[in-house]
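Per-chain numbering from 1; labels A, B, C and D assigned in written order.
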Amino acid sequence: MSEMPAGGKGLLLHPDMDEVRAWMHANKSMRVTDKVMDGHEAVRRFVREGDFIATELYGSVRAPMGICREIVRQGYKTLNFAGQGVMETELLIAGGCVKKTELTYQGWEVYGISNILRRAAESGALEISDWSNAALAWRLKAAAMGISFIPARSMLGTDTFRYSGAKTVICPFTGQLYTALPATMVDVGIIHAHRADRHGNVQIDGISGFAWELARASKRLIVSVEEIISSDEVRKWPDRTMIPWFLTDAIVHHPFGSFPGEMCFCYDRDQEHLKAYIEATETEECTQKYLKEWAYDLPDHQALLDKVGADRLAWLKSRALGR
Amino acid sequence: MEYKSNELLICIASRQMEDGTSAFIGTGIPMLAAALAKRMHAPNLVPLFEFGGIGGTLEHLPLGVGDSKTFYKAFAALGICDLMETAQRGMVDYGFLGGAQIDPYGNLNSTCIGPHDRPKVRLPGSGGANDIGSSCWKTIAVMQHTARRFVPKLDFLTTAGYLTGPGAREAAGLPKGTGPYRVVSNLALLGYDEATCRMKLLATNPGVTVQQVIENTGFELIVPDKVGVNEPPTERELTLLRNDIDPTHLYV
Amino acid sequence: MSEMPAGGKGLLLHPDMDEVRAWMHANKSMRVTDKVMDGHEAVRRFVREGDFIATELYGSVRAPMGICREIVRQGYKTLNFAGQGVMETELLIAGGCVKKTELTYQGWEVYGISNILRRAAESGALEISDWSNAALAWRLKAAAMGISFIPARSMLGTDTFRYSGAKTVICPFTGQLYTALPATMVDVGIIHAHRADRHGNVQIDGISGFAWELARASKRLIVSVEEIISSDEVRKWPDRTMIPWFLTDAIVHHPFGSFPGEMCFCYDRDQEHLKAYIEATETEECTQKYLKEWAYDLPDHQALLDKVGADRLAWLKSRALGR
Amino acid sequence: MEYKSNELLICIASRQMEDGTSAFIGTGIPMLAAALAKRMHAPNLVPLFEFGGIGGTLEHLPLGVGDSKTFYKAFAALGICDLMETAQRGMVDYGFLGGAQIDPYGNLNSTCIGPHDRPKVRLPGSGGANDIGSSCWKTIAVMQHTARRFVPKLDFLTTAGYLTGPGAREAAGLPKGTGPYRVVSNLALLGYDEATCRMKLLATNPGVTVQQVIENTGFELIVPDKVGVNEPPTERELTLLRNDIDPTHLYV
């Protein structure tokens, strides 16, 4: 297969599924325990320097902002991350937490390109391999399925392929050439969800993004939630559990955990805060000032909520669209 | 009625959307164009948003492809894999794309200007663009028309157009019968020549000459004998856009 | 790749995804239309002789019995089917509707092996290639994903592999040997669900079995439902739509559509009917008598419900477990 | 207390289930064994049912692996792919399997007796057995013990045990470190020899001699010097089974 096209970039993780299986067997258990802890403890216990992490969802929508601010606060220096993301991964880059990334998109859609990504990439401080959104989602899906690669029709023929770590594979039935996407079983997955019980059975409303895939493609999984519900309630609606307890390592109670982003059916994004933030990112100095004010100087998520203020939060809540 | 350049782009993009078809909608102009098309000639247009929203009403203008307005009163709120796989199995008609650069074969760059490892300008990256450009039947690019953006060779080929020409997509493994269909720019509407897969002028925008289009294109453009002229935005289009679709003027 | 292990059986369908894509493009549309019709029309319009069909779920649980009785009644002779299934596929075999099958399981679990499968297989009347349950589900998943094969760790080293149509593939990243499962895009998928709107947006309660996969791996899809709901209700809970409208070709209103099987949260299985049926299958003659009484002689699903009787149906309803 | 052969099988199978582990549960004896284990020594046993039920209470005895009792008051009701993939990524400890034939390496046949194309007896087929036998860490077979069922060579190898012996599973591509662990029969409890991967007698059932086990095994069984004796069902086990778990006597 040596003449088959292959991307020139290495992979941050080798997709060895027997290694993943052995790790799961040794470290994960289906035992039902209480997994509720605060954000500080969840990050301290489950995120190690050098880890490959991934966040869900995207933009300023159901993003695990509370947990990411906690990572920034704890001063990590050598994380790697996979993915699309906007504000939560920008904070990690701006906070100096990230060395390398397997990136699909980092930008502000209607508000333009990411100043933080530009500075990090153009200075050479951040090492980037490029992938597409579906490629990343399918790489997580492959890991979730317990297979080391999955065929796809994306990326073929492009520099996105050449600057990724993808290879190609031929279908043994049809002879069709496919991109072979390597599985991504990240060290830590971080998801913000609507609710969970104390054991880690998680429900998400609205679009599921890639929460299903990431939850199953994470060795360790931190889920922050708007609300903690009883296990009786979970057992009443087992068909609404998207992430069963044994995938989850930590449940963190973070109401408004996506702030300044939105949470469908719960609260709208804080448009003014976002605009001020994006303005701040125009210079490194202002970015650091923002980080100081909104991450370093706050002891925890509650302090953030206090700083935003109950009135503002209530107003954001009132602006959410209903069902 | 007076109109802004953006408004013209939105109206012309909107008119490319056929009733009863499905289209992947990105943030910005395609969202406004889809919302406009649904209110004008394409009430049965099905907007798809890559993170899971499908069949929404577009009553409220989304600010991002994952935001709650993409699935407000939608028929289904699914996930990114489901949507991308729907396209991969051939069920999505159109994809709308943007980019910093486009080449004569409709290939797009949204990754970087300058070398990848030390770019002069780092752009956001593919996002879903590469996937949409690979799997949808027809893609429509929405571009600002300058010679620095319409280039003979991209700094980085993020999303496949016709690659190097006829047969190249299939040879690379991309699905049969797919590829770029239209470019909607602030100067013109463009398509592709069937035999060569190279970009071809179809119609100029109101007040724009063929010569202006040629001058603002950094490669040799196919200019047929007959070039049409696009209709300016109608009063109804502008009123809908300004009062109904984007009343807080986020985009227009 | 000629020395790579491969199963000896051919495939009923060649997994050419470009052909599937072209078919979808020419025949399926996202246009929102009214798809409600009766079972007779749904079968007549969407099932053709020679078609490769698949049913969901399994055993006597949420199985599309009403639609399968309709197929038997319409006297098809040359269908092929994929899958596990019990009573619904037994009826199709007993009714002489089936030529070939890609089988994973056909038996009665606690009630033992299938007399109908035994007679069909042992006489040579039914051609069988063997697969595993996960293999079938993943084959449907591959088709749903639009890829012609998917790697898996099942079936390796066994006669199940050798008597299937599977091949093998090597991971280009790890060198790991995998079973290559060919995608199965069936001609007609048949699913029984809890509810749908008239456009074909379908909701399912409880376990999802392989409904997600089959719905997306069917060129034509017939869904029978316990209840038809308004589109307003669907739009209120878009996160509960498992099968979006454009996948669905026919919605058939079949209350007690899984009878004599069960439907979770709705009604229990009719244990006596099932026992009598299984007894009947002991001889070909009694099987045909059963088919005459419960399929051929009934004009439609309503006639079946009338024959069972309102009291019995109410009793079955009363025996369903709640949430 | 008097007990039936089935009850003994259930009790011994039940005792193999460790607290805090996860196990794929098939219809029949494994279901009863799991329900019993949860009430006896393994309240934290997690029963998994291949069509999607996970973490249910087993308050009501299911009649099939997809029935509503498999996910009654469960933590999650998912789908077959999700469950099988959980096993494929190495998160399921045990799988319980049955079959018409077993060989010295723990390979199982549940497909046919006689040639595949024209079988003497056509059996149900693999179902989930092949998948469970491929991906779970340890599998436990529950069998009737006769020389016609414990055979030197299977008519059809449905589900992989150790295949042809040491290293054969890995060579075939199956996951490292997996394979058959125990056989629970009406005569004995059996395991596998580490060096040869061949079946080995561990303990006889009450009233059964080693000689009887050997006579009812159609291949050479490894019989160590020390063979244990299984405890008969306790009163508590039998009472739970008869009154609580299977009160309508579907199985016992």
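What to note about this one:
We take it that a contact is a pair of C-beta atoms (placed from the backbone, for glycine too) under 8 Å apart; a residue touches a chain by one contact, two chains touch by 3 or more.
All of these numbers come straight from a predicted model, not from anything done at the bench.
Common neighbours of chain B and chain D, by the contact definition above: A, C. Across the two candidate interfaces, A-B and A-D, the one carrying more C-beta contacts is A-B. A separation of 28 Å divides the Cα centre of chain C from that of chain D.
A straight line joining the Cα centres of chain A and chain C is 37 Å long. If each chain is reduced to the centroid of its CA atoms, chain A and chain D end up 40 Å from each other.
Of all residues in chain B, those touching 2 or more other chains are 53, 71, 77-78, 81, 88, 135, 175, listed in ascending order. In chain A, the positions touching at least two other chains are 17-18, 146-147, 152-153, 168, 176, 178, 206-208, 236, 238-239.
The touch graph of these protein chains has some other shape, matching none of line, ring, star or complete.
Looking at which chains touch one another, you get A-B, A-C, A-D, B-C, C-D. Chain C makes touch with chain D in their complex at residues 57-62, 84, 103-107, 109-110, 113-114, 117-118, 120-122, 124, 128, 130-135, 137-138, 141, 152-160, 163, 168, 176-179, 206-213, 262, 264-265, 269, 320-321. Those residues of chain D that touch chain C in the shared complex are 27-28, 49-53, 60, 63-72, 77-81, 84, 88, 107, 111-112, 116-131, 134-135, 154, 156-160, 163, 168-169, 172-175, 250-251.
Residues 20-22, 44, 46, 53-55, 71, 73-78, 81, 85-91, 93, 135, 137, 175-177 of chain D touch chain A in their complex.
Taken together, the chain A residues at the contact with chain D in this complex read 17-18, 20-25, 28-32, 143-147, 199, 201, 216, 231, 234-236, 238-239, 241, 244-246. Across the complex, chain A meets chain C through its residues 1, 4, 6, 11, 14-18, 146-153, 167-174, 176, 178, 180, 182, 204-208, 236-239, 323.
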